[in-house]
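First chain A sits with chain B, and in the next complex the same chain sits with chain C.
Take a look at the complex of A and B:
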C-alpha cells in the first residue's frame, strides 16, 4: 500500500509533531504538566472513550459506523448496577453486563450484516433504544455502594501508577493492532471497507466479518461501561451520554477515512494523545470547555480537509506545470 | 526516444487534397512528471472524415484527446480550428468551439430524462425550462439520427448503446464540428456496434470530423478513412485505410510483429471436469447444458445481455442457479456462494475488473492473496508477509506484470497489468475450472496477446477454461468449442471446425443452425 501508506505516514508524522508541540507549549505554561501524575490522570479521565475508540477504528476501516457505543456503555453499567442491587454478586453482575453488550452487538449485526440495512441507521436506532432500556432499568435513580474491589478497579493503580483501565487499554491496543495489521481478519476488514463487492467476489465472508466487528464493538463498549461505573462508583441512566461523538472524533483525527478502507491504529493512538493533551493544556491555561470544543472541532475539520487540500494543491501545480 | 525510420509517417498530413482541415494540431508536446506523454505530434482532421487513433495504453492517445478538449494545456505547439489559432482552456470552451467528446462509459445523469440529458450543456436557454419545446427539439434530433427513444424517460435503465446515442444527440445539439469518440464500442455488443457505426456514418455525411479511438482492429478497419498510430507519445504513422493492414498497424503500435489471432492448438482431454445439465436461473437464463473437459477452452459467444455472464455467476455461486444440475469431476454439487465455488476449485475472473475484480487501493500483494489468505497464515493465525510477497513476485515474473514493486496499489497500474494481477489472484487459488469473463476488455494489444498466451498455457496444464467474450475473433482463436447464447437460451455448441464468424453470429442472432444442441422454446 505504498501510495496510501506514504500519505498515512505523513499524516502520522503531522500528528506526532502536533503532539510534541502541544506538550512543549503546555509544559512552558505549567510546570505541573510534565509530571507523570498529570499524564496518568489525564489518560485516566477519558480512558473509557479511548478503549472504545480502538474497536471504533476497526468498524470505520470496515466501511461501517457504530453510533450506539455510548448507549451500550450506559446499558452495560445499568445492567451491572441493577442486577447487583437485586442481589446478584458483583462478578455475576459484571458478566451479565458484558453479555448485554454481546446481545446488543448481535442485534446491530443482524440488521446490518444479514438484513442489509445501513449501519448509520441501525446504530442510530441502537443509540436511542439501548439508552431507553438503560433508563427503564434505573429510571431517575443513581445506584452505588459497590464492593470495594470493584471501585478500586477503576481508581487504584495496579502496575506502577497505572490503573486497571489503563492496563486494559494497552492490552486491547496491542491485541487489536495485531488483529488489524497482521491477521487475515484485519486484511479482510480493509478489503470490505475498500470495496465490499470485490471482497464478496473473492470469497470473503462479508456478513461474518461485519458481525465480528459489531459484536466486538458492543462488547468492548460494555467493558468500558463497566470500567466507567467502577471509576465513578455509581451509575445513572444517562451515563456516558454523547461519548460516541468524542470517540468518532478521535478515530477520524487519527487519519481513518470515514469512507472505510484507510487508516491504522497507531494514528488513532496518537490522535487520542493529541486530544487529551490539548484539552488538558487548555484547561491548565484556564480556557473554557466551550472554547476547547471549538478548537477540537476545528482540528477535526482540518484533519478531513488537509489530505484533500494537499491533493488539490498538488494537482493545481501539476496542471500549471509548463 | 528514437523514431524507427522504417515506421516514419507514410502520409504527410499537409499534402492531402481533402480541402481545408477543420482541426489541425501542430507540434504539440506534453510532459507529466518526467514522462513525455506527447512528443511533437502533428495531425490534421478534415470535415466528413473518420480518423482512427490506435496505440497501446499510454501511447499518448488520451493525452491528445484531453488537450483537444481543454482538459490539459500543451507545453508546446499549436491547435488550429478551421484555420484559426485557438487556445482551449476548458471542456466548456471546447464545446463552444464545436469540439465534443464521448467516452466508453457514457456520462449521463441517470435521474434526468433523455431530453434533459441532451440539453444539459445549454445553459443559455433562459432560466425557465420550456418542457414542450425541449421535448420537441430532442425528438427532432433523435429522429434525424434514426434513433427511437422516449425523450421523457429517465436515462437510468437505458442500454449502453442507447446511452451512447444520447451522448451523440447531445453533441449534435451543440453543433459539433469535431467529435472525439474514445473507445465508444468497448462495452457494446456486435449488433449495437453496427447501430453506432450507422450513426457515425450519418454524422460523417453531415460533414462532422470524427476522431475515433478503439482497441478493436476490425472496427477500425471497417469504419476509418485514415488510421494514425501512436507509440510512446509519438505519432508513428498516418495511413489511408486502403494503404494499411492490421498486421502493419499492430507492428507500428508495438514496434514489433505480433501474431495476434493465431488459433490456439487444442489441448482438450477426454475427461469432463464440469458437467452442466439444463441449468437455469429463473427469469435470467435456462436450459444450459454442456461438458467442459480438462485442458479445454470453451468459448461463450453471444450478444451482450444474452445471459453468458449470468451462467458464469451461477457456476461461481454469486447468483446461484435455481434449476438444473452441476457436477464437478463427476460429483453432483450445489454452489450457493463464491466461497463454495472456490472450495470446489472454480475461479471466476469478473468482466468488471475495477468494481468486482480488484480492490484498487490495496497492493498487488494483498490483491493476489485475498481469496487464498488461509494458505498464508502461520500457526498463530498471522499473515506470513514474506511468503505473500514471494508469491506475488513469482506471479509478477510469470505473467510479466510491469510494476516498480509488488507493494504498489493496483489502482496505479495500466489496464493490461491490472488484468494480469486479477488473473494472478485467481490462479493463486489453484483452480481446476477457470471462468474468464471478457479477459481482454480495455487491455492494449500487447497485453492482449500475452493474456491469450497465458490462457493457452493454463489449458495445456489441464485447467478447464470458459472464456466469455464479446470479441468474436478472440473467442474463435482461443476456443476448442464455442457455446452460443441468445436471450438467456443456449442456441448451439459449435466445434472448432464449424465455428466461424458467420456460424456464431447466425446462432447469436437467432437463426438456429441445423445441428443446434438445445432446442427448447421459451
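Take a look at the complex of A and C:
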C-alpha cells in the first residue's frame, strides 16, 4: 500500500517537474511567454475542455467513461442558439441549454445505472446521437448575433485579467476537489471504481451515484458548451466535435487509471497545465497544431508506458521472474 | 430441450433477428421510396458497407479479447494516402504488390499498437487513443498538404470499384463487395473452427481461466491488433480504389462507424462473445439506414440521431433479451444433465 502511495506521489512529482521544465524552456525560447497576458490567453484558449475534464475525472475514477461530452457541448450550444433565434430571451435560452444537458445525462444514466449497459457503448451511442439532435436543430446553418452581455461573458475579463470561464473553472475545481477528496460521496466514487461488487455489498447505492456522475458530467459539459458559444460568438452544428479525445487525454495524463479507482484532481490539474504550456510553447516556437496533437498523443502513451517499462527493467535487474 | 434449443444458440437467434431487421428496413424504405428495389440501390449500399465491414472484422477480433482499437480510422487514412502516393508515382506497379504493401503498412501500425498493449501493459484505450492522434499527425506532417488525385492513378485502380466479378442478370456483384464477403467468410470459419482462433474468445470471456490453462495471452492479444491493423490497411486500399481522391483527412472518424457496426452486430464490448458475421450484419444495417435515409430526402441531419438510438437499442436488446435467452438455454441444459424425465427426439 505504501508502495502504491509513493508511486502516486511520484506521479504528481513527475508531472510537476515536467511542468517546470516546460515553463523554463518556453520562457527561454520566447520572451512573450512569461507575461500575464500569455498565461490568461493560454488558459482561455481551451478552457471549455479543462472544465469538462474535471467531471470526466470523477466519471473515470468511478470506473466508467463518458464519450458523449463533446456532443453534449454541441447540443447545448445548439439548443441555446436555436431557442434564441426562435424568440426566447437569452437567459431562458441558456437555461434550456443546461436543461438539455441534464436530460442527456439522465438518458445516459438510465441505460448505464438501471439497465446495466456498459458506459462505453451507451455514451458512444450518445456521442453519435446527441450530435445528430444538435444537427437537427441547426442543420448546416450558423447562428450568431447574440446579445452583447452574452458575448462579453466569454470574452471580457471580470476579475482582474480573468474571464468568466476561467473563474468558473477555478470554482468548479475547488468544488469537485472537495467532493472527491473530502466527502463521503467522493469515497464512494473511489469504492465503486476499485470494486463495484464490494461497494454494492457494503451498502453503497451504486445506481444512484452513477446517476449523479453522468448527470453532473453532462450538465458541466452543457455549461462548457454555452461558455464556448459565448466565447466564439456564433454556433454551428459541428461545434466541439472531437473534444472528447483531448479531454480524456488530459485526465489519463493526470495519472487517473482508465480502470477506475485511482487518481486525483491535483494530478489532472497539473496535466491540464502541462498540456496547455506544451501547446503554447510549441505554438510560440512555430510548431503546427498538427505536430502538437501527436506530441500530446505520444506523451499520453509514454506516461503510462514509462512506469511499466521501469518496473520491468528493475525486476530483470533484480533477477526476478516477471 | 426443445428442438429449437438443441439446434440454435441464443447468439444465432440474435444474428437472425438482425437479418430480419435489415429485411424489415428494406421493405419499409421500399414502400416509401420509388424505384428503391433496383440494383443501383444494392450497389450503393454494398460498396459503402464493404470498407466498414473489412475493418470491422479486424475490430471484432480485438474486441473479442476485451480490448479496443480506436486508431483504425487513422490507419485507414495512413495506408490510403501512402499507397496512393506510391501508385501515383509508379503507375506500372503490380496490383497485387500494391495490395500487399497496403496490408503490410497496416500490419506494421498494428504491431506498434499490439506491442504497447501486450508487452508495454498500457490499456488499449490509452494506446489507441494516442496512436489515433500520432498516426494521423505523422500522415499530415509527411504529406506536406498534398493530395492524391484520381487522374494520377493507373486505369486498373480506377476501374476496380466498378469491376463486375459475378454478373447475375443485371445485378452487379462488384469486386470490393466480393473482397469483403471473402474476408468475412474466411474469418468467420476461422474463428469458429480453428482451435487457434478460439483463443480470442477464451481470453475475452475469462482472462484468469485463459491464463491458468496456459494460453499465451500476450501473443494472442498482439496478434489480434496486428490482424486488425492489416485489415485496416486493406480497408485503406479499398478506400483509395473507391474514391481515388485521397486527402490527409481520409478515414477520419471511421473508428466510430466501425465500433458502431461491431456493437450493433452483437459483439460484446466486454469481450468473449460475438461473431464476425454479426459485425458484417451490423455494418449492413447501418449502411442500409444511411443510404435509405439519404434517398428518402428527410434531411441527412436525422441520420446520426437515428444511428445513436439504434446503437442504444442494439446494446440494450443484447443485454436484456440475450441474457434471458441464455438463461432459458442453460436451464434446459441443466434439466438434461440432472435427468429430468424428458423424451428426446419426440419433438418435431
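Just so we're on the same page, the second predicted complex is superposed on the first by the 312 of 322 C-alpha atoms of A that agree within 3 Å, B and C clash if a C-alpha of one lies under 4 Å from a C-alpha of the other, contacts with A are read in each partner's own complex, and residues count from 1 in each chain.
Everything below uses one rule, namely that a residue touches a chain if its C-beta (ideal position, glycine included) is under 8 Å from a C-beta of that chain, and two chains touch if they have at least 3 such contacts.
Since the structure is predicted, the reported quantities are computational estimates derived from the model, not experimental observations.
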{"item": "Which superposed partner A:286 touches (first chain B, second chain C, both, neither)", "value": "neither"}
{"item": "Partner chain in contact with A:183 - chain B first, chain C second, else both or neither", "value": "first"}
{"item": "Partner chain(s) touched by A:121 [first = chain B, second = chain C, both, neither]", "value": "second"}
{"item": "Chain B versus chain C as contact partner of A:130, first or second or both or neither", "value": "second"}
{"item": "Greater chain A contact set [chain C / chain B]", "value": "C"}
{"item": "First, second, both or neither for A:111, with chain B first and chain C second", "value": "second"}
{"item": "First, second, both or neither for A:298, with chain B first and chain C second", "value": "second"}
{"item": "Interfacial residue positions of chain B with respect to chain A in the complex", "value": "31-33, 72-73, 75, 318, 337-339, 341-342, 348, 350, 355-363, 366, 370-371, 373-374, 376-377, 381-383, 405, 407-409, 411-412, 425"}
{"item": "Complex contacts: residues of chain A adjacent to chain C", "value": "65, 111, 115-118, 120-122, 124-133, 135-136, 139-140, 237, 245, 248-249, 252, 258-259, 288, 290-291, 293-294, 296-298, 300-301, 304-305, 308-309"}
{"item": "Touching residues (chain side chain C, partner chain A) in the complex", "value": "68, 116, 120-123, 125-127, 129-134, 136-138, 140-141, 256, 259-260, 263, 269-270, 299, 301-312, 315-316, 319-320"}
{"item": "Chain A - residues contacting chain B, complex", "value": "1-4, 178, 182-184, 187-188, 190-191, 194-195, 197-205, 261-262, 318-319, 321-322"}
